[in-house]
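Heads up, the thing below is written out as structure tokens.
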Amino acid sequence: MAASIRVRAILNGEIAEVQTLIQHPMDTGLVKDAKGEVIPAHYIQQLTFTHKDKTVFLADWGTAVSKDPYVKFGFKGAAKGDELKVSWVDNKGATDSLTATIQ
Amino acid sequence: MRNFSRGIATTNVMKKIVFALMVSAVCAGSARAASEADYLTALAAAESANKEAGRLRNQWTVTQAALNAAKKAAESGNFDSALKSAQDAEALAKASIVQATSEKQRWKDMEIR
Amino acid sequence: MTASSGPLAHRRLFLKGAGLVALIGLGNAVLHAAPVFAATNDNKYPDDAFRQKNAGDAIKALYGRDHEASDKIKLDAPEIAENGGVVPIAVTTTLPNVTSISFIVSENPFALAASYRIPEGTVPAVANRLKMAKTSNVIALVESGGKLYSATKEVKVTVGGCGG
Amino acid sequence: MSAMRVLLAVAATLGLGAAAIAADKPDPAADAKAFQDYFVKKFPKVAFDDFVNGPYSMNADMRRQWEEKEQFPPYEFALEAGKEMFAKPFKNGKTYADCFPNGGIGIRQNYPYFDDKEGKVITLELALNRCREANGEAPYSYVKDEMASLTAYMAYTSRGKRFDIKIPDDPRALDAFEKGKEYFYTRRGQLNFSCASCHVQSPGERIRAEILAPALGILNAMPIYRSEWSGMGTTSRRIVTCNSQTRAVPLEPQSDEYRNLEYYLSYVSNGLPVSGPGARP
């Protein structure tokens, strides 16, 4: 189970409304910790949503995206029960993914 | 207005006194820089006042900051600034004590009744 | 199997032996990387655009063209951010066949905050939470029908609390 | 003639003195009523239950930002972690449910309460650590994430239930209430502010980016995820940071002063719904 990704995908008419909250520090690399050392940049760069093997949404993120990032969008052509694959990769190469079902 | 006429005479006297004071201050300033002893007595006074504020559960964060600054300056041998910071700390600690004691009654003024 | 790049590459090929395939691959990529703008087709992360400091350079690096204001873009952002770390910013547009939406925070250390690819069939609207270093213009860019449109709003940002 | 005047003066001061003493016999119910009337009169357009939303009941621009956050709130992770922690048995096999009435579900609105055996105020945070220690586990810090996650889950199970803080007719309980009230109105720190300076005299006003919350219902959303901390905050953490903001040296979390303060503030907010865990600037 992807511990870092929370997805809510709800069909509203013909549009699937998708909200995602991801647990990630999104460190900018410009902040110092209590001891005065710079906390290195550590942020999600790309977040991809695929439905029936087609990318329905792709986010390119910089260091200005908030900690525990959130994004909301909608797309047509989905049906209740369809699967929506969500995956991210960060600047350290770490990744996580989750398959959610459209309610 | 009556003593105005005497005023002129007194001003000369005043000038002499002021002059003398200034001279002695300058001498005092340069001749005897704050010694470590001065600093230590001031530090002790500040710390005991801050301890009293602690007993009254009403210390200020800036008091501790001034104490730390005093100790830091003392470590680098700068007893003038160490003495000054210790005196600041004492003043702050005393103010926090006055605040605690006066508020014992004054808090009621703001109470919603 | 001729190495097409200069003498240096030749020498490297013989030395590395095992690295042969990787180098050739690298050689090809370098050759084909004509000035193509990542925002529109392949899924490459627009690293260069995110490294630009000011808005103008970031937009040029990402879209390679100027933008014109459009009243068909609704940019929703607070007047005074409750906290610079979490500023809710959303955009919707009635412009036709939108392919990309991006957010610029001009006064941030790096102007480009986020960029989104909007494939066919996806609603041209995005909501997200961005960080803002200080009071700044927020620019929402919408690429529609190969042209670039924008909406701008100033968001005031300051710290909270009474002192400490 | 002057003797008469002196007599009158003495009588007057005595009379005043008597009145003052009478007024000072603790009457929590009257205090709560006066407290709530003050805010309802000061903010006639704010719905009673809306006071628990702090700054967001005071400013439309802030409220929109809050409503956006609430769609997928940042405390989601703490809430889920709290739920798991609450169910996970201690090493001795027991769980938190064994320590609390009704298994700890839907009871947040009764905290803090006055324990007549111990003769002191017990807050939810203190009760949780007591439960841990009673079961051989190390207590959690009162200002860190574990305590925030647990209280977030317990608050969530009480959402909508109305604060129902009780003050038994026990002089020690009345004294605790009075001491909490005194702490609330006492100025402290170099900035010389009391809680009331900000949360009674100037709620709705700005301190730089933030809008001051009204004191009425100010604890109903605890624990809170603050963007300022980009993390969770328990009631203890919030009070301790408020102290240092006014340059007062904070006391130990859960010390008498703080528990009595929480007792006072919760009692005067009786009748308002639990809305924790909350999101704040």
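So that you can tell them apart, the chains are marked A, B, C and D in the order they are listed, and the count of residues begins at 1 in each.
Operating definition for what follows: a contact is a pair of C-beta atoms (placed from the backbone, for glycine too) under 8 Å apart; a residue touches a chain by one contact, two chains touch by 3 or more.
What you see is a predicted model; the values in this text were computed from it and never measured.
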{"item": "Most contacted chain pair (by C-beta pair count)", "value": "A-C"}
{"item": "Cα-centroid distance, subunit A relative to subunit D, in whole angstrom", "value": "36"}
{"item": "Mean-CA-position distance for subunit B and subunit A (Å)", "value": "58"}
{"item": "Distance between the centres, which are taken as Cα means, of subunit C and subunit B, whole angstrom", "value": "58"}
{"item": "Euclidean distance of C-alpha centroids - subunit A vs subunit C, Å", "value": "16"}
{"item": "Subunit C residues counted as touching two or more neighbouring chains", "value": "85-87, 90, 127, 129"}
{"item": "Residue numbers of subunit A (touch at least two other chains)", "value": "67, 70, 72"}
{"item": "Interchain pairs in contact, sorted by label", "value": "A-C, A-D, B-D, C-D"}
{"item": "Partner subunit B, residues of subunit D touching it in the complex", "value": "31, 34-35, 38, 181-182, 185-190, 192, 194, 196-197, 200-201, 244, 247-249, 251, 257"}
{"item": "Residue ranges of subunit C touching subunit A (in the complex, touch as defined)", "value": "43, 45-46, 50, 85-87, 90, 105, 108-110, 112-119, 121-123, 125-132"}
{"item": "Residue ranges of subunit A touching subunit D (in the complex, touch as defined)", "value": "6, 8, 19-21, 23, 67-68, 70, 72"}
{"item": "Residue ranges of subunit C touching subunit D (in the complex, touch as defined)", "value": "78-88, 90, 127, 129, 157-164"}
{"item": "Partner subunit C, residues of subunit D touching it in the complex", "value": "55, 61-62, 64-66, 68-69, 74, 191, 193, 198, 207-211, 227-228, 230, 241, 244-247, 281"}
